[in-house]
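As written, the chain order gives the labels A, B, C and D, with residue 1 at the start of each chain.
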Amino acid sequence: MPRILLAGFAGSMGQQVVKLVASLPDFEITAGLAHRLKSSDPADYGLPASAKLYTSLDEIPADAADIWVDFTVPASVYQNVRYALENGYRPIVGTTGLTDQQEAELKQLAKEKGIGGLIAPNFGMSAVLLMKFAQEAAKYFPDVEIIEMHHEDKKDAPSGTALATAKLIAEVREPHQTAADTTESLPGARGGDYQGIKLHAVRLPGYVAHEQVLFGGKGEALTIRQDSFDRSSFMSGVKVALEKAADLNQLYVGLENIL
Amino acid sequence: MPRILLAGFAGSMGQQVVKLVASLPDFEITAGLAHRLKSSDPADYGLPASAKLYTSLDEIPADAADIWVDFTVPASVYQNVRYALENGYRPIVGTTGLTDQQEAELKQLAKEKGIGGLIAPNFGMSAVLLMKFAQEAAKYFPDVEIIEMHHEDKKDAPSGTALATAKLIAEVREPHQTAADTTESLPGARGGDYQGIKLHAVRLPGYVAHEQVLFGGKGEALTIRQDSFDRSSFMSGVKVALEKAADLNQLYVGLENIL
Amino acid sequence: MPRILLAGFAGSMGQQVVKLVASLPDFEITAGLAHRLKSSDPADYGLPASAKLYTSLDEIPADAADIWVDFTVPASVYQNVRYALENGYRPIVGTTGLTDQQEAELKQLAKEKGIGGLIAPNFGMSAVLLMKFAQEAAKYFPDVEIIEMHHEDKKDAPSGTALATAKLIAEVREPHQTAADTTESLPGARGGDYQGIKLHAVRLPGYVAHEQVLFGGKGEALTIRQDSFDRSSFMSGVKVALEKAADLNQLYVGLENIL
Amino acid sequence: MPRILLAGFAGSMGQQVVKLVASLPDFEITAGLAHRLKSSDPADYGLPASAKLYTSLDEIPADAADIWVDFTVPASVYQNVRYALENGYRPIVGTTGLTDQQEAELKQLAKEKGIGGLIAPNFGMSAVLLMKFAQEAAKYFPDVEIIEMHHEDKKDAPSGTALATAKLIAEVREPHQTAADTTESLPGARGGDYQGIKLHAVRLPGYVAHEQVLFGGKGEALTIRQDSFDRSSFMSGVKVALEKAADLNQLYVGLENIL
C-alpha cells in the first residue's frame, strides 16, 4: 500500500486531501509536514493515529513515505519538491508559484534521479478535461471564443484557466482571427484577445468558477463547459494522480498530460 | 375582418408577412405598396387575387385598408407612417431608421388624429420577452451582465438588442458597478460597459442571433436566453401586434409595451 | 423601525434570517421563538443582546414585535401563524407543510383581522422570477418543456418547483401537447407529463438545485434558467417580503404575488 | 489531385458535397452517379464541365475516379460500396441503412482488396467530437445524463446520436446507476434508461438538432453540447474524411475513429 507524506495537511486543501485519502482503501497517510502545529495529535487533523507530524524538512526521517503530496505555499514549494526528489519521494504537487525556470530544474532533477511525478496548477478534472478537449476540437474548429464566469471578488480577468485554455488552442491552430473587422460601439465589447482568440470575463455574485469554450463552424456549434462549485472538486484529480503515481516515469507538468 | 395594406410586400420580411396573414383566418391583405413591381399579378407575391398593388402613396385610394403594416426601408418609413396616420390607417411598423425626433412627431400626430399603432424595432417575441423580463429582474438583481452571440459577418458590437436591453435595465436600477476594481491582463476581457452593465459580444460562424442576460445574487443566479434561428421568428410578434391593433389607443414604440 | 419576532431562530434557515436582518438598518429582531434552547444568551445565536427568547407561544407577551417571521417545522407552522394573526403580527412564513385547507383558513382569519402577510414555499428570488416569467411567456409560446437538475440525493422527481412551474403555465395556456405522436425507443425518454407539458429531472453529484424552462416557436427559442447554489439564496426573497410587509393588505400565498 | 466519383450528386446532401469540393483546391469531382437525371449537363448540378454523369453502375468505366463518395439511399448503398471496393475506389459513405452484417462483409472485402475508407452515419464534426469527448470524460466522471433537443416533427426519441453516445459511454465505465432510488411523481420524469445512463428528449418548434452530455462529480460539473443548425454542418466532416482518405488502411466505421 503506497504511503503518503502530506505537506500542508493543516490547510484547507490539505484537509480535503486528508478526507480523500481516508476514503481510498489503497493509500494511507504516514507523515505530515506543516510549519506550525496547533496540536501534536494527528486525530485533530483527521489523520491516522500512526501518522508522524513534522514541522521542517530537517525532522523528516529517511523513507517516511513513497509519495510526497504538496499543497503548501508558493514560498515553500520549490524547496519541498527538490527535497522530495533528492530523497526518493514521488511528488504530486498542487501548490502554485513555481517559475518556468524552477519547473525545468525540477524536471531535470527528476530525470537524474529516475523519479516520476506530477506538478499540476489545476487538479479539477472538469477544468482539465475542458482544456484537453478544447485543444483537440480547435484542430477541426479554428473559430473559437472563451467565456469565463467567476464570483465578484475575483480581481484578475481573464482567469488563469481561461488564459491557459487559449494558449493550448493557439498551439494547435493556424493564426486566425474571427470577425476581424467588427467595430465596437462600446470599447471592449468584443473581449480580450489572445492570438486571435477572444476571451470574455463575467463577474457576478452567486457564481463560483465556470468556463465555457464556444466553437462555431458552418451550420453547427460545439460548446464545452465546466463548473467548479467548491474546492472539493480538486480531489477528483488528486485521486487520479495518486492512482497513476507509480507508473509515471518522469516529472509531468499538467494533469492533462497523464490522462 | 380587419383589412391590411402591406407596404414592402415584395421584400423578404414583407413576404414573411404575406405567409403569416394567409394563415390568419381573421385578417386579409387588401392592398400592397412597393416602389417597383416585377409583376402586376398579386398571385406572384402570394397575395389574394383581389389585392390592389400600388407603387406610390399618390395612387392609394381612400380607405384601402384598416391597418398599415410597414416593412420597407429607412428612407421611406417616416413618410409612409405620416401618410398612414393622416389617412386613418393604424400603423404596425417593423422598418427601422426612424430618429427619436421622428418618432416623437409621429406619436404626436397619432395623438391628434386619435389613432393607435405600434413601431417596433424588434418583432421577435423571444427577444422582446427577454428585454421585458430582464428589466423586471433587474429590480431584484442589480448585478447583471449581457452576452450576445452572432454570426461572424455581423460588423457591429454589441448588437442593437443587447444595447437596448442594457438601457432598459439601467432605467430601473440604481447606478451600480459589479466588481469595479477588476484588472484586465488582456484589455477588453471584462467587456464593454453601459452604465455599469458589462456587455460581451461573441462572433462565430454557425451562430445566428442569440442573447443571454445573466443575473447573479447571493447563492443564486438567473439567466434569460433567446435564440433567433431565422427571420420567420419575427412573425410571432407581428401576429400579436395585429391581434392587438384594434385596441391600441396611442402610437406605442416597442412591442413589449403592448404585451 | 419594524420589529421582528423570529420563530425558528436556532435552525439553519433561521440563522440565515438572523444574518440578513443584521445587515438591514431598518429592521431589528426583538424576539425569538424556539422549542428548545441550548443557551439563554441571544448573542450565542447572533441576536441583539436586547432580544427576548421564548420557548412556547404562552410565554410571548403582547406586542413583542410587528412582524412574525416563521422558519420552523411543518408540525408547528399552522398553530404559529394562527397565533400571529390573532395577536396582531404580520406573518412572513417560509415554513412548508400547510395544507390547502389550512391556508384557506389562515387567509380568512387574516381578512377578519385586517392583517396582511405572506406564506411562501420558495423565497429564492431566481426561482420565483423564473416561475413568474415562465407563466407570462407561455401566453405567447405555448410549446414548452421543463428540465430541472438536482444533486443525486434528491429522492423525488420532478422537483416541487418544476411541478409548480408547470401548473402556473397550464393555468394560462390552452390545452396543448407538443410532438404528441413521438414514439419512445427507451420508455420515459420524453419525460413526465403534466397537462401536455413535459418535465425532465436530472440527478447528478455536483449539481445543487437548478431549473430551466425551454420555450420554442417558429425560428426562435426562449430559455429561462435559475441556479440555486446554497440556502443563502432564500434571503433575497425574505428581504423583499420584509420591505413590502407593511403594505400587504391580505395574506398572500407565493412571493410572486407581491412582486 | 485525387478524383472523386460522387454517388447521389443530385440529392440535397450530394449538392452540399458539390459545393464543398468546389471550395477545395486539392480535389475534383470527375464523375457522378444518379439513378435519374433531369439534365445531362453537369453545370446544372454545379459540377465541372468535364465531369461524366452515369445512371447505373454498369455504365461506369474503369478508373473513373480515386474516391467514391456516397450520399444515396439505403436501398443502394450496400451494392454501391461493394462495387466501389471491387473496382478500386476508396469509399467515403454517408448514406445510412447498412446492417451490422453488411458492414462486416464490406470491412472484410476492403481487407481482402487492401483498400481503406470510411462509413460514417454522422459527418457533423460537432456531434462526432461530442461523442468522442463524452466517452473519454466518462472514464473520470461515471455519473452522466444526456439531454437532446430536436424540432417537433422528429418522431423517435431518443435520437440516434444520443443513443450512440450512451452506448459509447457504457463501453468504458463500470455498470453504474446514479440516484437509483428516486421516485417519480410523474412517470418518465427521470427519462429513458440505457445501462444506468438517463436520456431525456425535448421536442419543440424552433429547435433543430442539439445534444448535451452532462457529467457531475463532487463539487463540479462538465457539460459538452453540440448544435446542428442545418445540413451544411455535415460538410466539415466530409472534408476531414477526404483529406484523410489516402491514409486510411482499412474500412473504418465512424468518423471519430479516424480523427
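Heads up, the rule we're going with is that a contact is a pair of C-beta atoms (placed from the backbone, for glycine too) under 8 Å apart; a residue touches a chain by one contact, two chains touch by 3 or more.
Note that this is a predicted model, so its numbers are computed, not measured.
S.K.: Spelling it out: a chain qualifies if it touches chain B and also touches chain D; which chains qualify?
M.R.: A, C
S.K.: Counting only C-alpha atoms to place each centre, which chain is farthest from chain A?
M.R.: Measuring from the centre of chain A, the most distant chain centre belongs to B.
S.K.: When the centre of a chain is set as the mean of its C-alpha atoms, what distance in Å lies between chain B and chain C?
M.R.: 36
S.K.: What whole-Å value do you get for the distance between chain A and chain C if each is reduced to the mean of its CA atoms?
M.R.: 39
S.K.: On a C-alpha centroid basis, what's the spacing between chain C and chain D, in Å?
M.R.: Spacing between the chain centres: roughly 48 Å.
S.K.: Quick one: which residues in chain A touch 2 or more of the other chains?
M.R.: Where chain A meets two or more other chains at a single residue, that happens at 206, 215, 217-221, 227, 229, 233.
S.K.: So in the complex, which bits of chain D are touching chain B?
M.R.: 206, 208, 227, 229, 233
S.K.: Hey, which residues of chain A end up touching chain D in the complex?
M.R.: 124-127, 129-130, 133, 136-137, 140-141, 215, 217-233, 235-236, 240, 259
S.K.: Flag every residue of chain A that touches chain B in the complex, lowest number first.
M.R.: 143-145, 147, 149, 152-158, 163, 178-179, 181-194, 198-207, 214-221
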